[in-house]
């Protein structure tokens, strides 16, 4: 039998993701400073700190309510571009989890796909625009492929993680076209997109966390 | 026969004094910055630059008119405390030179004494207050002594110069009590007073200039 | 980091609280970080906002004749939709609300979402987007120009129109007219430090300045050596004048400091700008010199021109009384 | 030296020219560096001035309800008597002139000499000396306290009294009353650079600030580590409150920036000041937050309190319209 993530498990993952983000402050800030306004890490970190504060509440909720609440917190605490994008992502994903008690392999893929769709809609952006989408999109594509091919979950998780990380890395060679960073046109080339990097931290942490439970 | 300074000679001295002051910008500024507001050199330097510009006019005037004009320039171009003090000094000295064609040994002493009196009156200050007075006052005392003792002019000039320089040096151990520097109370101890130093540059240059003509 | 602050995480709420204490005519809504007018009247509401760190923008423009509410995000970050909705509610007196948005994707997304939600609650909301910065060109690869100090003129024009009793459509049209006639361009001489980050986002060399830098420290068009005031005026104005034909017209001029540039320097710059504009036959109708839209303690400046017609002149002269801008 | 200037030797004339261009109601007298009101009325004239580098002081306070003329010296240097006499002449409408002098020996000497000379020309001139800075104590070894940001309140009070038609003696008495009730105290976090010198007069370490530093960079009372806004408010206020009994009274409060401290920080500081004053039962009647009396691009702040009675309140509220201060 495959993995089954409860809302408590998901809350536990959030704690790990928060730590991962917290650790990489200087690096992410440097990325956003290079091409943008330098606030991405401090905002997303504040959002995750708030989530960690609320974990006692979150882990008692249904997945649906948990995701909605995460979305609300992210939207209002993170602020900026990423706040409203993550807010939309979690709201979108919540719908997928309506009445679900667990997130299994298929649901996990659906959650990420819903997040991707919400982000692309809200931000009016496409893959290749040097944003968080360039991490999430390949991860979702990969996840769908793995499921279509019937790969074992362990392998799937590791491939999705790799797709996310590679996707974030691929932003180094892209010109920025959306978000505040866009105003630098080709000045951004050579720098990773900070939003793609923090997205990859989350997917990486999530895949590792699930793997460790398998 | 002793020295006889014409208004043209005095103008020539002013050119040398201007150069001496110009050279010591960093040092004097550092002194005024240590205890005051750092403007003394830039102001007095501006004043002397203006005087050098006007030298063609000055050297053609009578001593009386020349000194009055120097006073006007210093008062209005230097500004600050030292502008009004030098302005008063030259106005006071001009009176001593009324109808004189040359400055001889006695007149030179009278000029410096008149400057001292004007500065002390205008600034309401005494020797020991850590100001330009602590350079000028010993120079004047020394000059009077030398004349009373009937010392040769060459020796007199060199003693007056020494008195001025030593006087300026003596301000290192004084607490500031007048001028902007006064607000630091004993903080100024250890630093020379910038106004005393620039006064000593002028007296030194003047004594050397006269000596070289003897 | 030398800043007069307490906790870096609290700067926004403390600055707004401190502002509301200084100006008792302003109301501060905690947590949602909205500053609004205590005294309300039946008229179109004007709401602006954006990231903090641009003080006196935006809360400093709340008052008679300008904004009804200003919504603050974290430093350099768009406020979230819930905050903006509160701003809309505070500004709404039943005549509809105009949002003045600067063209940053975060602001566009958050204000856009708030607008949708407020409309669902039955409030009529319109919005305009300011894109006055000519530094970085509009291109297929960008969502357009940045909005900078010219936004203050949009506050003034829209605020005056609303105060004079115009309808939402009329107020929006006046704001759009202002936007169409406003161009800005800036330069920076030093970096700034986000309180939560604690060190500068970039470094400029001892003898280096950056032309066209954004008000969040986003890269501009060129790094170059130190320029005189005359050269600075020439460089910034030439970009502006190349973009819109101001020849023969009357303009409102704003000489804006980015935070740590002293007024002395802004006045010296104004002296040069006036010479250049006069030489080009452009008549300066009214000049504003000061720190109107800053970037924390960044040093540098921006120049803004707004081409005027009779209506814009009237609205520019319309009385206003806010902490940061008063027209008597 | 990163400054938006041309020749260091021309900063004063260019800044005043730039100011006069921005505010057509002001008249600039070249060379003598006087800014005065174009529109004159028969009333007691008010003249202030001092070294440049404190912008918007002093010229920024010329206008209805405040100064009639401001006289500028070189950067941080008193103006010379000839300039001050021109200021007196511009301000004189036959009802006499009040000079507002800050207590620096250069200013005392130059204004004193100008006063004597103007009186010889038959103009009635009175003067008051502002010594509001409590940082460095009055002692037998000093000519007294320095005059700093509290001077702006003296401009306001004297200007209002004169505008309301009072006689020279009455105006002087009001100014004296203000002075007797004003105390200030500041601190600096960075140095500033005189344009003609080109480098900082002193250095403060990365983590160092100086309590009580003067507005020309004169040493203060203590160098210490970085303080929070709450601590800063406490340190500065405690010196002020120890000097004059403000308990139970109403005050005007000025939170002044020294040039490169962003408004954000001044508002955060104001938030703390209000808490402390309220806790001590001191009622804040009116607050002014901004860059009112600066020291080039120095970063830091000062706090000023003026204890109010009914007359001072009325004069504080009296309308004024100047570039740097407007009361509607």
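Observations
By letter and in written order, the chains are A, B, C and D; residue numbering begins at 1 in each of them.
FYI, contacts are C-beta pairs under 8 Å (C-beta built on N, C-alpha and C of every residue); 3 or more make two chains touch, one makes a residue touch a chain.
The shown structure was predicted, so the numbers you read here are calculated from the model rather than taken from an experiment.
Once the centre of each chain is set as its mean CA position, subunit A and subunit C turn out to be 33 Å apart. Centroids built from CA atoms put subunit D at 54 Å from subunit A. If the chains shown are joined wherever they touch, the resulting network is a simple chain of contacts running from one end to the other without closing.
The complete set of chain-chain contacts reads A-C, B-D, C-D.
Those residues of subunit D lying in contact with subunit B across their complex are 9, 51, 73-83, 104-106, 109-110, 113, 136, 139, 141-143, 146, 194, 196-197, 201-202, 214, 216-219.
By the touch criterion stated above, subunit B contacts subunit D in their complex at residues 29, 32-39, 41-43, 46, 75-85, 87, 122-123, 175-185, 187. Within the complex formed with subunit D, the subunit C residues making contact are 1-6, 11, 14-19, 21-23, 52-53, 55-56, 60, 189-190, 209, 226, 228-230, 232, 255, 259-272, 274, 284, 287-289, 291, 294, 296-297, 299, 301, 321, 323, 326, 328.
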